[in-house]
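Note that chain A is present in both complexes that follow, paired respectively with chain B and with chain C.
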Partner chain A sequence: MVTLGTMSSVTVVHGIHRLTLPLVGRAVGGVRHSLAPVLNIGADTMAVVNGGMVGEDYVLAPDDLLEFVRLAGEKGKVRDGGRG
Partner chain B sequence: MRSRRLEVKVIGLGGIGSALVPFLARLLDAREPPPRLTLIDGDEFQAHNRVRQAFPAYGNKAIILTGEIARTFDRLSVRAVPAYVREENVASLVVEGDYAMLAVDNHPTRRIVSDHCSSLRDVVVISGGNELTDGNVQVFIRRAGEERCASLTRYHPEIARAGDLLPAEGCDLRTSAEPQLLVTNLAVASAMLNAFHACLEGDIAYEEVYLDILAGKMNPVVRGGTRWLRSAP
Partner chain C sequence: MLPVYVKDQEYHLPSDPVYFLAARDGLYLVKQNRFFRSVTSVPRQDLVRIGEIGVALPQRERTDLLPQAEEVVATFPPISAEILEQVVTFFAGIARTHGTEAVALLYYDLQTERYQVIVPRQSATEIHATYTGAATPAGLQRVGTLHSHVGDVAFHSEIDLADEETDDGLHIVVGLGGEHRSLACVLVVDGRRCPLAPETLFDRGWELALAASGEESSAQMGAVTPADPAGPARRAIEARYGALGTGRRVLLIEGRLYSLSEVMLALGLAFEDNRAIDAVEVLEDRLYMVRYFDGETRQVVALEFDTHFRYLQETRAHIAEWMGDDYYDFPWSAWCPWTL
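Showing the complex of A and B:
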């Protein structure tokens, strides 16, 4: 059986990473804390849901697209935390 | 009916810009009517640039590269502007209807161009940048006074709040401290050309794309919704 989607999922984007995870009902701050070591999400990155900036207490809804906006490249430095 | 003559400005002719220009010129050379290409940079090509940049002589990058492109693509109208982009000259360098390919290595210049273009009715800005092995390309589109793809600053406070340390005021110091890779520059230049082609075809499907040469990945991002995209230009 092929499952094309689930009502309880949230898509999380950070830089080259894109994950679909069961995060409905979770706050953005908690998601950031959980995924930071996995995706190298910086504490200073902006959180955006469906194109709008949100605070750390925003509670994720089904089919939300959450992005922790990776800083724009500037001039060749090695990023803290590596790839993301 | 003849279409409007395409005006393309390339701002920054370092590792990304110098890799971008020959292919951009070849792409433009095939268009009718022949577009106009303007190369803008106040920097000089020097011996230490040879690791990542191909110029046939030493001197101002805009002037040298313009000569090369004009000799190779004689249908194109090519001109050099041997100057850095500043608050004082941006309005005369990027005007209504332009496609601005922004290949600079500093956020203050990105902020200046983005803020100025936010006041224009019709403009496309494609901005690329990189760190050592990763980079990103942003697409900023305004049509009929409406923002169709977000400005360079909307989702990037590091650009919106960039200070005033512009090239020739501190760039050389950072160059020696922060080496770049030719392959990353090339990957970003290629991604900028992808975005340019998509914009010309009216089929851009993302607002920003991230890439990483070690991971071998690119990830396109849409933030404002697809209502902004497709047939944007």
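Showing the complex of A and C:
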């Protein structure tokens, strides 16, 4: 198996998932691209680091808390009035 | 970065929260936490992306690997009947007063190991609801969503399925219509949907909570003149932040003391019709709430914000939920002097 890095870590949160990984120095966009299939991150999410929204070029620092937050959600019956 | 295990004769169940498992029939993604354990196959097109984060995938095919199949096992700590009753009471109250669906988000407090429900900002009709996302409050883990069906049984519609496609977790529908109230519960992981029987999720007494909640309060409200006009929105606000007016008049944020008017100014809410009532530090040094009266809509607003005064979410309740019959006698052409 791959050995976990010893450098400082970043906690990544998406919905029910919470992972601590050695991502310091990586840009948010790259992390999103790579972790999307792992944490099932949708394209309709914004990156929030330590409670503040950041751009995709934000470079992660030690102990950052990165969360991919869904901008909005939608519930309801099928729009044509039928049942789904 | 993420471990890769090989399913051969030496394989023992690892404890890693997320790992890859190379088996005879391909690569699998395994996720395990306090809520579920899932094993899902990894599509070939994802292998390159996964490799970019330092996952060392096996380079050569091995013939001695054991087979693996996809599986999802729910391990949620039981949800109390009390939580279900709170949610259904809220949903029933919204259906009764507005005739619309409603959405709530389910969280798990990692310290107290109890579930918590937060109502997001939303817009709804009888058959549809949209809600805004918000960062997970510190100390909580987002578990999933709950929403209601008005005048219909519980089921997951196509819109629900699309909404939950990239929202791993528990998704519950409460059917308020039909002969009896009903629940439809599903665990979603990587787009796979695993229906769950309510008795596997909720503590004993959930059937009573589902059936009784809302009905009792409406019966009580109809039988006597309500001494307490509180509706579900007021109860939700006061359950989370305390009784209206009992919060602080100042907040210490990042080492600086802010008066309520300074908080309103910083949030861009210093309008003539808005009057600050109180404030609460919801999570130490992380999350704050200011409560104010919105004179234009005659609602009490509990607005959560972070240390940078960024809007996170808000809950609104009509002022009549505090004033009761006084609301109808009050001369609303003037500013509300009613003592909160």
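Operating definition for what follows: the second predicted complex is superposed on the first by the 63 of 84 C-alpha atoms of A that agree within 3 Å, B and C clash if a C-alpha of one lies under 4 Å from a C-alpha of the other, contacts with A are read in each partner's own complex, and residues count from 1 in each chain.
Criterion: a residue touches a chain if its C-beta (ideal position, glycine included) is under 8 Å from a C-beta of that chain, and two chains touch if they have at least 3 such contacts.
From a predicted model like this one, the values you see are computed outputs, not experimental measurements.
In the superposition on chain A, A:54 makes contact with neither chain B nor chain C. With both structures placed on the common chain, the touch criterion links A:71 to chain B and to chain C. A count of residues in chain A touched by chain B and by chain C gives the higher number to C.
After overlaying the two complexes on the shared chain, residue contacts for A:31 are found with chain C alone; chain B is out of touch. Once the two complexes are overlaid on the shared chain, A:18 sits against chain B and chain C alike.
Residues 13, 15-18, 46, 48, 51, 67, 69-79, 83-84 of chain A lie at the contact with chain B in one complex and at the contact with chain C in the other. The residues of chain A lying in touch with chain B in their complex are 13, 15-18, 46, 48, 50-51, 67, 69-79, 83-84. On the side of chain C, the complex with chain A involves touching residues 1-5, 17-19, 29, 31, 33, 35, 42-43, 46, 49-50, 52-56, 101, 103, 120, 125, 127-136, 141-145, 147, 149, 152, 155-163, 165-170, 189-191, 286, 306-308, 310. Remark: chain A residues 1-2, 4-5, 13-19, 21-23, 30-31, 33-42, 44-46, 48, 51-53, 67, 69-79, 81, 83-84 touch chain C in the complex. Of all the residues in chain B, the ones that touch chain A in their complex are 105-107, 110, 127-136, 138, 152, 155-159, 174-175, 178-181, 184, 188, 210-212, 214-215, 217-219, 221, 223-225.
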